[in-house]
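The same chain A turns up in both complexes below, where it pairs with chain B and then with chain C.
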Partner chain A sequence: MEMIFRRLFLGIFIMIVASLLSFVLLYMAPGNPAENILRQRTGEDPSYEEIELFLQQRDLDVPLLTQTGEWLYMALRFDFGESINTSEPVMDEFFTRFKATLQLTIITLAFSIPLAFFIGVSSAAKNGGAFDHVSRFFTLLAMSIPEFWLGLMLMIVFSKTLNWLPSFGYGSYLNLIMPVATLVVGYTATLSRVIRSSMLENLSQDFITTAKGNGLSQRVILIKYALRNSLGPIVTAIGSQFGHLLAGVVVVETVFSWPGIGKFLIDAVYLRDFPVIQGFVLLIALMFVVINLITDILYTYIDPRIRYERR
Partner chain B sequence: MRLIESQDLKVHFDSPAGRVKAVDGVNFHIDEGEKLVFIGETGSGKTVLGMTIMKLLPTNVFYSGQLIYKDKELITASEKEMQEIRGKNIAIIMQNPLSSLNPCLSIKEHLVQVLIKHKQMNKKEAQAEAERILIRTGIPENLLNYYTHQLSGGLRQRAMIALGIACDSEILIADEPTKGLDVTVQMQIVNLIKRITDETKKAMFIITHDLGVAAALGDRIAIMYCGRILEIGTAEEVFGSPEHPYTIGLINAHPSRGLHPIEGFGASLIDIPEGCVFSPRCQYADELCMRVEPPDKVLSETHKVRCYYASSK
Partner chain C sequence: MKKGVRALALLVIVAVLVTGFTGCTGAKANDKASANTKKILRIAAAFDFKSAMEGKTLVYENLVKSDMAGNFSGWLAEKYDISDDGLTYTFHLKKGVKFHDGSDFNADTAKLSLEYACNNTAVLGKSVSSIEVVDDSTLKVVLGTYLASFLNTLSSTSAPMICGADLEPVGDPKGKLTGFIGTGAFYFNEATYEKSVKAELTRFDDYWGGASKLDGVEWLYIADPTAMVVALESDEVDMIGIAEHHSSIPYVQIAELKSKGYTVETDETGRYQVIEYNCSKAPFDDVNVRMALNLAVDRELMVKTLFEDITKASNVITAPWFVLGPDKVDKNYYKYDQNRAKKLLDEAGWIDSNGDGIREKNGEQLELKLVVPQGEANADTVSVYLQSELQKIGAKIDVLTLESSAASDMKKAGDYNMYVHHSGNMPSIPGGIGIGDKYYSTNKDWAYSYHSAELDGMIDAAFTEPNTESRNNKIDTLWTYLHTQAPCMPLYSVLKLVACNPRVTGYEVGSNMFDMSNVRLLDMDMSK
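Now for the complex of A and B:
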């Protein structure tokens, strides 16, 4: 319990630091929102007066410190202001986008996790066997393939040549297939390698010899001993994959024009749409903090050594 | 009844440094209810011998000779057959309980797994039985659900013993059961093993380098060196009238005899010395000893010594 509170406190601190850092970095970066947005709208360089007016209208002409303070004050009440570009509330925008990202995340993990467990466990069960060799080759390959390339290849085959699937868009389950497939390949490969190596490490331990010496079957040893003891690193890996997917998979979202968080955040960065970037950074930090907290809590259930150490 | 018998048993490994002859021509037998102790230095092959009976060695192993359990040849037994024998007919108390017990399972859960497998119990019966066994080995009732890292060395060893006796095997192998324990705790563990195995008339194969443990537990003693048995006999024969210079050396090296170490180092299992394996360290060795390995000299029905000059010194 005490650990959870300590973690929560640390999490809040991390979120404040993350948002302040992004605030300061954004202001130090060249380009300002007025210039970028006005140029995008009119297609030509805005005049000095136009920029001034734009900034004034949106209270962007006050000193940086005041802006930071105001933003933090609002953020504490979960009000992240409005987008400079669209004038929509950042929160609303975030949740619309988040739905699309969450869809992608959950479906991807629903495929990659069971698949990774199957590959990882089977390949550790017969280390050096035929399946192990084949799976190691393909997982390495899958990890090395860039997502944009795989996405484009799928598009060429299934949309352009075979004309089976829509190449981009959002709404129907058909739109999900290719982005999910692209993500599943990489995420399955990474996770199955974590599972394999973690299992192999445990399989070489003395207590496995004891379990064999007790006549336990290969299946019980693999599941109850090796896999059970490997869950720590596996859960950590899944947690971090979950976090990365939720924070938006920019490349895949861009390739398939998926209206998720990553794509929107990148657009906001181009326009220097400060409130959007700020809000998103904070909310993404929040998700990471929550996921890490959950991972840590799970860890204490998985490994009794940690459970009692922290008491 | 004869439980285990080995004939010219050899266990070799391939390693980058060459062929390791961990066990090189060993003959021994264990009868029902009998305790045979293997004494030897580190690297004499005694642990490998224990693991051979369970067929628990890594896959780069080569066996030859015979190793018969009742009327079953273990050398050629399949992994599936061994799974049935392990834990049920032949059980083992492993070295180093801390690393040999699963850190993520409570000690009770360890026993439950074995009981479910070999005694066809359901989970509930297995739990009750596991509790009974653990308490019998002297583990306090409130610690049964503890994990190894929460227990003292003595209690871990007790849990290990409980695991070894869980399924009433006919033979129990104990690999250095007192290693790393305080002297007072060592005595408790030795007494526990003695009490429990005497109650059930269990045969034992005990591996140790502690002469005190050997004397307390063993009916018969085998002195192992360089993958060979140099002397084997009843406890009275080996400790009362030791014949092999190595046995005499070991006994004199004991602190109670004034701590006189044997000169030199244990022989390598890769470059086996020519002639008698102990000859490089033996003060009595002559030209014959250095050249030709002596045969076993039979001194009595139970007492055998691999030395040319046994009972003539």
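Now for the complex of A and C:
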């Protein structure tokens, strides 16, 4: 319990630092929100008077320190202000899109985790065999395929040629198939290789030789001994994938026009929409903190030898 | 215990999945069904409806309207009078115009709209001195100083006609525009709007110009240009390209779409892609070098090889057919002539003395930094073409593609020799020649473009002249002078590309590259 509180306290610190750092770095980077947003809105280069008026109306002409202080004060009350571009509350912008991101994340992992376990464990069990060679070749291939290329290929085949699936949009089960398939390919490949290498490392340990000597079946040795002992790095990899998916998958969101948080955040970065960037970074950092905490708690279930007491 | 944990985990996953899918339906089938019975035009758009200025032209209208060339006419103002000194505008408003909420458009709402515009548009706020309701259908606006671009600003999305209920707080011209309640041919349905997914607009039956033949418009967000083409070809949308002012359709797709029976409209809107020179430092502080480069590029060949001749090469700085465009300038002024270009460089002292193919002067090579802001239409391929053309006259081009903000900062700091840009698309003051515009010396954005006291004087004289004929003469002189100074290299005309399936009929390009209001004139043949 003490560990959980310690981690949470540290997590809050990390979230605020990450958010402030992203703001300060972007504040110092070229460009300002008024210029970018007005150019997008009008299609013309805005005049200096237009830029000044825009900044003035949104209190963006105050010094960096004042802006930072105001943001911190509001953030402590979980109010991240309004998007400069859309004039909507940042929290609304985040949670409207987070639902779509969460769907994509959970369904992608629901397919990729079992698939990766099957491929990784089977490959390790038949190390050097035909299945191992074939699976290693295909996982390497899958990891090398760029998501945008795969997404567009799927779209051309299943939407344009066969007309089976919608090429874009959100709201139907059919809309999920191609984005999920695009993500599952890469995530399954990465995870299955982690599982395979972790399994192989454990399969060469003395306790496996002992188990074999005791006449235990191959299935029991693989699942109860090798896999169980391999779960540490696998859980870490899954936690990391979970975090990355939740933080938004910009390429897939762009190709399939999926209304997740990734594309919106990237657009906000281009526009220098500071409240969105700060709010989103903080909330994404919060998700990483929670996922890491869950991963750490899971370690203690997987391997009871792991304890987090203060020494 | 372990089984219990597993069961709990499974339950959580199922619960999340179910919760996540509560909004999921067989939407695609429904959409197709409704599209078959109703004339709903499905438009692909690269931006969310509320963020795109183009979408606003479906909902809002203005007092006046400009055509593509920059001729103004009344719109919600049936007609208008301008005083001789150009300071007083009297607008005679149309009667019988209603807002989407059923309220009337009249001089009071027009006044409120202009007050809102003055609060949000610096140039109006600075220039407008008073707005007076003369009677229910007459509005008088007095300017403190003459503003040549006044009608142009009134015709833009900066000055929409709104009603009090559209503002928050209600009726406060300093408030926020929230409701999308305009007088346009379609009204926006907030209840069915989904952020970054879609917006639905329904035909406004009380539209003063007669209800549209379409039942409605569906604004469908598609972020990727290739995905837009796929969506058109898989019959998920009816029209692409109309909702973006910079064409979202790759030029290379046009021939293929046409061959498949899609209608592809390619319209010039007067926006030219140009290369701006940094005239404040060598080598472009020498007019001979600027002129040499302008003569060294075969634009006709560029348009033919890169764009399959779908657009036109630009031989002058901006569209000559704009009412204030350079129509008196010799079209062959920058005609491709590499021999002349080489001679001009020789005269400027740039000679290839060591035979490496690159010219030198005072020990410096003719090596030029070309900055390309990301997102500038076709700029990457054009840059490569320029590299090869300019190498033939002994100039080495280093192409630097940067995120648009970073590129813009380099431009402001003068850290460039050449910069890919586009001419302004403001037909009443085209090509950056207005007071405070690109070629005016006080412009901080383009501080390193061509400026001179002589040019400033010409611009001041032209754009403070309320007499039309006199102003036009002054602008002709201005254009002639500017072309002799070769401040930029005009390249080609940027097109507005719109593709639609054969079901859609009656397309007419809007009054500028942002204007979608002509969607109201479309019809759909649902049997196709």
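Just so it is clear, the second predicted complex is superposed on the first by the 307 of 311 C-alpha atoms of A that agree within 3 Å, B and C clash if a C-alpha of one lies under 4 Å from a C-alpha of the other, contacts with A are read in each partner's own complex, and residues count from 1 in each chain.
As a convention for this text, a contact is a pair of C-beta atoms (placed from the backbone, for glycine too) under 8 Å apart; a residue touches a chain by one contact, two chains touch by 3 or more.
Just so we're clear, the structure is a prediction, and the values are computed from it rather than from any experiment.
Room for both chain B and chain C is found when the two structures are superposed via chain A, with no clash between them.
In the superposition on chain A, contact is made by A:Val255 with chain C only, not with chain B.
In the superposition on chain A, A:Asp303 contacts chain B only, with no contact to chain C.
In the overlay built on the shared chain, the residue A:Gly215 is in contact with chain B alone; chain C does not reach it. Between chain B and chain C, C touches the greater number of residues of chain A.
Within the superposed three-chain model, A:Tyr225 lies in touch with chain B and out of touch with chain C [touch as defined at top].
When the shared chain is aligned, no partner comes close enough to touch A:Arg6: not chain B, not chain C.
Contact with neither chain B nor chain C is seen for A:His133 once the two complexes are overlaid on the shared chain.
After superposing both complexes on chain A, the closest C-alpha pair between chain B and chain C lies 14 Å apart. The touching residues of chain C, when paired with chain A in their complex, are 5, 13, 16-17, 20-21, 23-28, 48, 50-51, 53, 120-123, 125-126, 156-158, 176, 194-198, 220-224, 226-227, 230-231, 233-236, 245-246, 403-406, 408-410, 424-426, 436, 438, 444-445, 513-514.
Those residues of chain B lying in contact with chain A across their complex are 54, 56, 82-88, 91-92, 94-96, 99-106, 113-114, 117-118, 147, 149-150, 163, 166.
Here chain A touches chain C in the complex through residues 29-32, 35-36, 39-45, 47-50, 52-53, 57, 85-87, 93, 96-97, 99, 102-103, 106-107, 110, 152, 155-156, 159-160, 163, 166-176, 253-257, 259, 263-264, 270, 272, 301, going by the rule given at the top.
Residue ranges on chain A touching chain B, taken from their complex, read 205-207, 209-217, 220, 224-225, 228-229, 302-305, 308.
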